[in-house]
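Note that subunit A is present in both complexes that follow, paired respectively with subunit B and with subunit C.
So, the complex of A and B:
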């Protein structure tokens, strides 16, 4: 499976501390996701990000709002992933 | 004969078995650097560090785990709280019972244009918080107060001092080196803006661990003392401006933090009130036991509820270092004599420059330890009175 498959979206965070804080919340909400190294096509940061299915977009942003600072959401099919 | 460790105010010993196990597990099975790399071991190491922040935030009632940064000890946390915050022209207030971990950075800052006022405490080490009020000036930036003296054991009126600081719009920084894990701390109720703590005393972590709680938004007013790699924002050469990365450059002491996490969980599992009651009982039994000896002077407040289990005393005419050597060699009791890195506290108590004997009790001490310690003091007292 390609990490860059068009049907994934990505949540980027300022730091790993923020990403792992989000992980705890998403697990609590039983929303499927995967913690992966930040794809270089998205950012040159050396941390981790959360990859998820776009169908869960609203649930994820709802669960994390006011709880964890999200740096950036890269939506599925976004050009930055494939440029 | 097993040794009797009564130097818990310097560092607690022994540690709970869980602490040793956690550190061994980390080194054998994890070992990776958190916040870097992104592979599963690095992520798991990151989870350990985050879990430690979560546990500490719960212990101190901090609003968010990311309000807590890790340092190598309380001293580093206090240096960030002073050198990183204060500027020439600022005025600060502290007490005469402080440790050199706060006195030395403040005295250094005095040479850089910061004005320092020291509130006098009683010979028992007690501070009337109302004495702070008349010392406040238009340029007073912060109040720095220890939660409890490492010499006299006196618990300071943190909650009332915090209320005064809040009333006047002044930052309130508490040195919890002797109290984190030993007595309850609530940064919200106590109006604490900065809480410096060590991991290796009553939180039962290993040496090399400590940290600082910063009230949300305050990080923007404080410069980091150390800058460098954080694993975040790697494409930029500027230091991150967000918590906790701004203050955590360089590979952290993850094995230590793994041990600290186990220590904090031990404290929470045992119940901080139960720990407090147990340790206070030991110290009070000791104080009662040695107070009957003529010529033995016990320092600090008489009331048990006003002190932590740190007991300073002197035996008439005997140097503390001679007494400590006797306790070590004859009774296998480990104590700390002298000035305890707190010359101002000893001046306040009238014990400068000789200092005191200090026996500090911990959760793992037994009633038998206390009896032996009383017997040892009694033997020295008898010797001096022959």
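So, the complex of A and C:
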């Protein structure tokens, strides 16, 4: 399975600390996800991101809004600004 | 036939006794008092191309009958693993801690997760992963890397976990991925490794 599997979306953060804060919140909400290195196809920066299923997009948006500063969301084949 | 009573002996003594006995006798019966010893002695027998039969006794102990033969049992890694060519024979990844690097434990735990996830994508894969000391926590309940370790195992990587360490951390019943191993096996593998990666 490729790191850029088309079935997944990715949350990118400004720092590892932000990613870890998001992880705590998503665990609390019992939303399935996986913390992984940022795929090379997305960025050459050394960092971690959260990989999740697009079907959980709204739940994740709701859980993290106002709680964690998200840099951007990358979904299958497109790149959108998370607001 | 040689008979050995290895009850009460700590790992890896039963394995050492069985191995020594097999050097002089084609049939060895060894009695042990715990399942970890059963697994370790069974693995030794398989590595020596011997057949092994395990019988549970009324007193809760186990007697293993080991017989040398030319066929032997298939090694575990050949049963459900992929073609051997995807594995780098002799390459061993050593997980001696539940984190990667020194300095920040929190960061180290993030890094080891990233490392193991990336390892699932690398070619070739290591032949074996050995977990000891706090590294055994990676293979036990509540670990964040169980899916990646499980994925590696499905791809044919042999994941060996130190039984003494599991016992020390109270995780003997919580191992989720890999096989319980012992210092006899671990030391032998480390000494004979062609390459070792210690993240």
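Everything below uses one rule, namely that the second predicted complex is superposed on the first by the 77 of 83 C-alpha atoms of A that agree within 3 Å, B and C clash if a C-alpha of one lies under 4 Å from a C-alpha of the other, contacts with A are read in each partner's own complex, and residues count from 1 in each chain.
Operating definition for what follows: a contact is a pair of C-beta atoms (placed from the backbone, for glycine too) under 8 Å apart; a residue touches a chain by one contact, two chains touch by 3 or more.
All values derive from a computational prediction rather than experimental measurement.
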{"item": "Clash or fit, subunit B versus subunit C on superposed subunit A", "value": "clash"}
{"item": "Partner chain(s) touched by A:54 [first = subunit B, second = subunit C, both, neither]", "value": "neither"}
{"item": "Which of subunit B and subunit C A:15 touches, first, second, both or neither", "value": "first"}
{"item": "Subunit C versus subunit B, contacts on subunit A by residue", "value": "B"}
{"item": "Touched partner set for A:35, first subunit B, second subunit C, both or neither", "value": "both"}
{"item": "Stretch in clash, subunit C with subunit B, out of 98-106, 152-160 or 170-178", "value": "98-106"}
{"item": "Doubly contacted subunit A residues - partners subunit C and subunit B", "value": "16, 20, 35-37, 48"}
{"item": "Interfacial residue positions of subunit A with respect to subunit B in the complex", "value": "14-18, 20-21, 23-24, 35-38, 43-48, 69"}
{"item": "Subunit A - residues contacting subunit C, complex", "value": "2-3, 16, 19-20, 34-37, 48"}
{"item": "In the complex, subunit B residues that touch subunit A", "value": "34-39, 43, 46-47, 49-50, 53, 65-66, 230-235, 240, 242, 244-245"}
{"item": "Touch list for subunit C against partner subunit A, complex", "value": "106-107, 110, 113-114, 117-118, 121, 144, 147"}
